[in-house]
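By letter and in written order, the chains are A, B, C and D; residue numbering begins at 1 in each of them.
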């Protein structure tokens, strides 16, 4: 991980969707080495919150700051530092797993093909590298998405329901990845319905309707 | 200076100001349109070439002028709202669109009614009328784009952007249509608005133009109130104003 | 009387002049009517929202 | 370590072309549509060659416009549906880089293919061979302009369920100047006159939209991605 400790702070976020006040003043902070586990019932705005943190959704009120600076001002730098997995794995069905990685990770950093293969291997889908994403199972697609996050070498992970469709081994692998990531000074925001049993202490936040 | 500007553009302030201004605009409009119609229809002399048919200009020209003016208003308000995040701008843009579209339609109908005796046909692909028709299509695009979004805030911003793109396009359309027309028919068609118009014909026309502008101001204020109210339904000031 | 008929006849162009004026006036009236209705409906919606918010609170 | 804009553009272009060639049927559909529409006119009007020659530029241009529009709807929508558009938007590259690369890719597979196929259609519509060069040049400029205009429309309608009709409603009025200059350039070339004026205007339009449309389209995407 690259150098200086970073912090992410979410300050009094309000989001309206039509007449619905989805996020009502959410605030929290995460620093290098910390993991925030966000949970809550359906429809409480967990995905919306992650999209705000990404910068995809502009809140009506409040701001997201990366090391003290509003993300609008440092957009390129901030985006280079983050990896986001939405609840879809975001793979092109007609491209192979390897090509999917090449065209998404390749936009963030120059990455040799061998490293991408190794990452796929690490995530247990090395055998699928040359298969089009169309023929992969839902769990395998998840693993490819995990490989994408790893290969981006991002400092900040934003994961939306990453355990969906993963088998026991896959979940264990993901937990290990999160452990290593935060152990090396990374930051993570994880939206999940299950408990995250990590050795490290984690932050937890519940969103209510 | 900026805080002052933002306060001026704050929804409750706009809502109240619009209510106060609307009757004045409409009263002025009624006076000027009334004078313009009577003077234009009764007292202005008939045109030496077009006879009394030229009197259609008293409703056609202000409509055509307003159709462009409303589009520009819509685009400028949308641009201001997008750039400086002044939400009232979206309300102004949303309010101006249907008004502008209705006057575009009026310009088209009156123009083709004038064309029948002058050209022998209701529709002659005259460059101005063709531009006006394309303007109507642009209005339709903006209005339907706004309605297509489930989230009104996104609809507002998308429509505002399309309005800005359209306003850049309007002069290009006009130029290309004129060029195309000169290619195909030459300047044989009779046209509205000769450069030298005697005062007796001109005054009522000017009165009509100003009257239409005032009318636009008045109706815009009225519609603006509805748009502001819709956007601020959840706001405290609306609830307080509506408290029984 | 002759003048009256002359005025209404519009020098033979009555068929075009009066529908034009009529349509233009109709557009003006439509604008007034629809603006009024637009505001009235918005008011109704706002009242409903406010009533709902009150009932939620109590 | 950072990826420059040029490299990013090349990578996205490569990705788009790769994707289109994996789906040759979708690549061919607009071309077949172009052929079918141009076949409709002689059947509907008359197979008389002199009449066809008069109508040909208009027929050709309207058909090209419609078939280009057909494929424009998918420009951002497919990526938005499978979530890859979000990934592109978060790739630390400016949004306009993505718009430019994707639009160029669209033009390369739809516009260029149309231009290449146009002599075939032109022969069937009795356009003389000496007008082919002008026709193809004007079509190349026109389809590029349309791709840019379409990128704005596609960006605005990307989140909508039934965006197709709306896209045409938005883009067609904007495309009318292009249609006028393009068709008349072809028309003049057929008549043996110099098409230079119309071609210059067409080129000017193309340059103008190429410089402004990426900004407008990326602003549109930023709005609709929310």
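As a convention for this text, contacts are C-beta pairs under 8 Å (C-beta built on N, C-alpha and C of every residue); 3 or more make two chains touch, one makes a residue touch a chain.
This structure is a prediction, so every number in the text was calculated from the model and none was measured.
K.L.:
Strictly by the touch rule at the top, which chains does subunit C share as contacts with subunit D?
P.N.:
B
K.L.:
Which two chains have the greatest number of C-beta pairs in contact?
P.N.:
Chains joined by the most C-beta contact pairs: B-C.
K.L.:
When the mean CA coordinate of each chain is compared with the mean CA coordinate of the whole protein, which chain is closest?
P.N.:
Chain nearest the overall C-alpha centroid, as shown: D.
K.L.:
Report back the single chain whose CA centre is most distant from the CA centre of subunit C.
P.N.:
A
K.L.:
Quick one: subunit A and subunit D, Cα centre-to-centre, how many Å?
P.N.:
One centre to the other, that is 36 Å.
K.L.:
What is the distance in Å between the mean C-alpha positions of subunit A and subunit B?
P.N.:
Centres of subunit A and subunit B (C-alpha means) sit 48 Å apart.
K.L.:
So the centre of each chain is just the mean of its C-alpha atoms; given that, what is the distance between subunit A and subunit C in Å?
P.N.:
Between these chains, centre-to-centre, one finds 54 Å.
K.L.:
As a quick test, compute the distance in whole Å between the mean CA positions of subunit B and subunit C.
P.N.:
15
K.L.:
On subunit D, where are the residues touching two or more other chains?
P.N.:
Residues 226.
K.L.:
Any chance you could list the residues of subunit A touching two or more other chains?
P.N.:
19
K.L.:
At least two other chains touched by the same residue of subunit C: list those residues.
P.N.:
49 - these are the residues of subunit C that touch more than one other chain.
K.L.:
If I apply the definition of touch given earlier, which pairs of chains qualify?
P.N.:
A-B, A-D, B-C, B-D
K.L.:
If you look only at subunit D, which of its residues touch subunit B in the complex?
P.N.:
Counting only subunit D, the residues touching subunit B are 152, 156-157, 159-160, 162-163, 166, 169-170, 172-174, 176-177, 180-181, 184, 201, 205, 212, 216, 219-220, 223-224, 226.
K.L.:
Given the complex with subunit B, which residues does subunit A contribute to the contact?
P.N.:
16-19, 21
K.L.:
Within their complex, state which residues of subunit B touch subunit C.
P.N.:
Those residues of subunit B that touch subunit C are 26, 33, 37, 41-42, 46, 51-53, 55-56, 59-60, 63, 98-99, 102-103, 105-106, 109-110, 113-114, 116-117, 215, 219, 222-223, 225-227, 229-230, 232-234, 238-239, 242-243.
K.L.:
Mind listing the subunit B positions that touch subunit D in their complex?
P.N.:
Contact set of subunit B toward subunit D: 82, 134, 137-138, 140-141, 144-145, 148-149, 154, 157-158, 161-162, 164-166, 168-169, 172-173, 175-177, 179-180, 183.
K.L.:
Help me check something: in the complex, which residues belonging to subunit C touch subunit B?
P.N.:
These residues of subunit C touch subunit B: 7, 10-13, 16-17, 19-21, 23-24, 27-28, 30-32, 34-36, 38-43, 45-47, 49-50, 53.
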